[in-house]
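The structure under discussion appears below in the form of structure tokens.
For reference, chains read A, B, C and D in written order, and residue numbers begin at 1 within each chain.
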Amino acid sequence: MKALLEVRGLEIETAARPARELVRGASFSVFAGETTCVVGASGSGKSLSCLSVPGLLPPGVRKTGGEVRFRGERIDNLPKEALRRLRGTAISMVMQNPMSCFDPVFTIKSHFLETIAAHERLSRREADEKMMSALAEVGFDDGAKILAAYPFQLSGGMLQRVMLAMALSLDPALLIADEPTSDLDTVAQARVLDLMDAARRGRNMGVLLVTHDFGVAAKMASSIVVMDGGQVVETGEAGAIFAAPVHESAKALVAAHEKLCAPLAAEGVEV
Amino acid sequence: MGRYILRRILTLIPILFVVSVVVFLILRMAKGDPAMAYLRMSNIPPTEQALAEARIELGLDKPVAVQYADWFMKALRLDFGRSYVTGRPVLEEIMHYLPATLALAGAGLLLTMAVSVPFGVLAAMGKDRLPDHLMRAFSFVGVSMPNFWLGLLLVYLFSVKLGWLPPMGRGGAGHMLMPVVTLSFMSIAINVRFLRAGLLEHIRSRSVLFARARGVSEGRITWIHVMRNAMIPVVTSMGMHLGEMLGGAVIVENIFSWPGVGRFAVQAVFNRDYPTLQCFILMMTVIFVLCNLCVDILYAFIDPRIRLAGEQR
Amino acid sequence: MSTALLQKNTVRLSLVLLVIVGAVAVFAPWLGLPDPEEVNLAEKLAPSGPGHLLGTDHLGRDVLARLVFGARTSIGSVFAILLLIALFSTLAGSVAGFVGGAVDSVIMRICDIFLTFPTLILAMFFVGILGTGLTNVILAIFLTHWAWYARIVRGIALSLKSREYILAAKVAGTRGFSLVARHILPAMAPQVLVLATLDIGHMMLHVAGLSFLGLGVQPPMPEWGVMIGDARQFIWTEPQLMLYPGLAIFIVVMAFNLLGDGLRDALDRSGMLEERVR
Amino acid sequence: MTALLSAVDVQRFYRRGGIFRRGERLHVLKGATLEIGRGKAVGLVGRSGCGKSTLGRILLGLERPDWGSVFFKGKDISAKDGGEFAKFRKSVQVVFQNVQGSVNPRMTAGEIIGEPLRNFFGISKREAVERSRPLLEQVGLKGSDADKFPPHFSGGELQRVCIARALAPEPEVIVFDEAVSSLDMVVQARVLELVQKIRDERGLAFLFISHDLRVVAGLCDEVALMDGGVIAARERSVATLAKTGGATIARMLESLPPAGPGERAFR
């Protein structure tokens, strides 16, 4: 089977001199309808690797090697405009800390319309319908109220779901989620993750999920990529990695996760 | 929005009231006897009897609270007393000079906005390149340049040396040019720095990253998101600039012999013409406060966080 | 941090300049200059020459001597204002921020009233009441500027108050004076310092501006604004008379601004001290 | 026996707005009662924004309740008898969530840990720094780390410094306010291990505030659930809480990520 997204030998450095290597030769892939989790400690280069896929590396950081293939074609050397047209349509993103991701002077509706207008010409009615159904998909029954709100009027969990709705509204083939739940409590986290998973199943979407939490990976991943110090140190099916991690940092992650889960299991609580 | 505006207008009333009390009280604490000043200005020899009569005439024999109440009731009828110097109603005098000053300050504010916005954008877009360095140098010169010196330099260059512009007085557009540039130079410099800093901050923000991730075009990101957010502090600073301009007008009017209220007020200070001074500062404060009100309303219009404060969730 | 600060050329240059100007101002009486206030009509408007390096003004006074002694007045008065403000506003602002409640409300309302007036106009008003002269100008500028500082210091205090490390220090038993000395002042001082440095130039311009109008320092006392004011009438014939004091103000204010900017870049990572205007 | 530290019927409002703006009151705590017994580890769980951190701060004496009181060894701490309060202050310590924010960046680790030592034992700064070294070793760092400044520590190491500071005055209760929530999972596990060790060795009482039931389950003798501004339920363990606690606890439990990849591994 052909991978939806294939990253090969990715190299990322700081633009300053002397350059510092941030990601060294990272390779991973995402298949349609499956979730690949990139797991690692903070500073392991997992977020940068994922941000580089749609060409969103922050200023001061640049990609110096490797290739990114999406549906078999290279996208890392596409002209800016072509890449822009991919973002939000074929490749969507959900990011961490939703509060800071929205522009506080605009309503949710104008964020939403702007996303749609960047890619499609729709009538007002069609756009309205699209927004409402996207919001309904992430569990908002009162979509109109959400649309009229300003970002700071919603809670973090709600904003994260709005973000997901925006990402899903144009039927992406690939969803990149960068620590989407690290600022949420466990209940809100489960909600967002469940919605993401349902969307994946519903539209056979590939998901690239970045997280430091092996529990999240356990819940979501078909395959897991473990990163440490800018390198991919282990890749495999989720079940295999949980059962028999090979690399030290993978072992540490699994052990930490098991340790965290053990007491509840000992109490006999079904999780 | 309507409620916000109403609330803001209502808060002005106590502020203006307190301002009037403060101005009144400070004047009463002034060095020197107003009655004496009054006599001096009226060329009446200050005998004991003349002083006593003047006190009664000026109402200085009553308790301060009564004096204030008298003054306040008159002020409500727009009667701010008569100038010790000219003997004419103060308000009339000030109103006579005020339009020239407002024209100056208004033109200055306009020039500030018209020049600083493109300059600020230019600096931010060319960060760490030549346009940015030029703008930064300019803004440092701008905030360090004494406006009275700048005015004189301009007069020297364009009137004395080149003979292009009239050195003083009010008349056509040529008369406006140097005073307005002098007046707004510092504000332009401050605004350029302000806007540059704001633009750079927002270009790096996560909301811009998210907009890119949604495929929003760079043009829209720059002109809609970054610009609108960066304009918020610029707009809020406009009220402050106006204060600076009203003050600066006093100096500029003196340099260019501009027939405005500032020059008149400086004379009033020299002459200890208290009624004039009192009315002058009240008028200026009212103008300043009203303009700040407009700025606040504009601010609330741009930034929903202000408009909706206290109505969250 | 301080090394990073000194690596900036502009900061180094302005520091050197300010030290020189400061030294000249302090040691002015021992530099062997003519008396800056001595009128000598026989030598009025003399061109620059061996007796008078920068020539003389309309009353025959030595321009260089007036410039040097003017530095004492200008810089001295600004530091006096700053000292007043630093003491008073820091106190008022931190009390408002830390005590909160009604005390905060009262102090802030008083600030609001002062902030209702345009600064230079309020200063003019105070001078009109108090009379002209150096002391009154210092007082007037202090009265018109303190509220700004108090408000900003209050903001700093409020942001510090809820910092976890202040709470942690309280739990660790640090109270009262120790809390202030160990945690609050060290955090506040650099920010207030940056603020003050950035504002020195602004205040110098205010003092000079009032003096230029004849509302500030009174002749024959040498002061840069007064000198420019005196030189106005000779702009057609003796433009250099207004050039020297103007350049002096401009350069010193610029040096303070560059220094303040460098300090802010080095010290203020919190963004508390956004560029601001008044 | 009276509880070591307890909050009784505590209410807390937050006010927004002011004199000129329309005020707004948020009723955060609506009569919360919680006791911490001697040597007991109590978990306080709840969803974010439920008021659990506010209750923690009130128990620490950092905030005053608008209604109700906090008792330490049976005495109301707001009575503020100087000596009594000093004893309370020394005995109830804290570790916060925001690791970087809870240390003064201008002080070395030794000075940070030495601060309570100087305050409570009246020793010199130098002596306090010396006495911080064994404490650093107890939390798994090196004695020589006392001379390092906060930016030179990782998040996990810095949290250990904070734990050492909390241990320094030999307290009877430590409040951990989401103390591991902002740490990476591996670091989280190690810090939890340390906390467990300290509990076992010292017999201290703990209040462990967290939104994550997994964190609390391994550490605590009792678990209290906060919901809607009150303590909704209190049980011996998460398991018993699950049986009796109602809808909120049920949702919190079912939202926990699974221990291992389930059926998906065999897609």
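Definition applied: a contact is a pair of C-beta atoms (placed from the backbone, for glycine too) under 8 Å apart; a residue touches a chain by one contact, two chains touch by 3 or more.
The structure presented is a predicted model; accordingly, all values stated were derived computationally and were not measured.
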- Task: Specify the chain most distant from chain C by Cα centroid.
- Result: A
- Tell me which of C-D and B-C has more C-beta pairs in contact. B-C
- Euclidean distance of C-alpha centroids - chain C vs chain D, Å: 47
- Query: Just how far, in Å, is the C-alpha centre of chain C from the one of chain B?
  - Reply: 21
- Starting from the mean Cα coordinates of chain A and chain D, work out the distance between those two points in Å. 32
- Query: From the C-alpha centre of chain A to that of chain C, how far is it in Å?
  - Reply: 53
- If you look at chain A, which of its residues touch at least two other chains? 155
- Sites on chain B at which at least two other chains make contact: none
- Query: Do you know which chain C residues sit against two or more other chains?
  - Reply: none
- Item | Residues of chain D touching chain C in the complex | 18-19, 57, 60, 62, 86, 89-90, 92-94, 96, 98, 101-104, 106, 115-116, 119-120, 162, 165, 168-169
- Interface with chain B, chain A side, in the complex: residues 54, 56, 58-59, 80, 84-89, 92-93, 95, 97, 100-107, 111, 114-115, 118-119, 150, 152-155, 163, 166-167
- Message: With touch defined as at the start, can you tell me which chain D residues reach chain A in the complex?
- Response: 47-49, 155, 184-190, 192-193, 211-215, 217-219, 237-239, 242, 251-262, 264-267
- Contact footprint of chain A on chain B as seen in their complex: 204-207, 209-218, 220, 224-225, 228-229, 232, 302-305, 308, 312-313
- Item | Complex contacts: residues of chain B adjacent to chain C | 15, 18-19, 22-23, 26-27, 29-31, 140-141, 143-149, 152-153, 155-156, 160, 187, 190-191, 193-194, 197, 233, 237, 240-244, 246-248, 250-251, 254-255, 265-266, 268-270, 272, 274, 277, 280-281, 284-285, 288-289
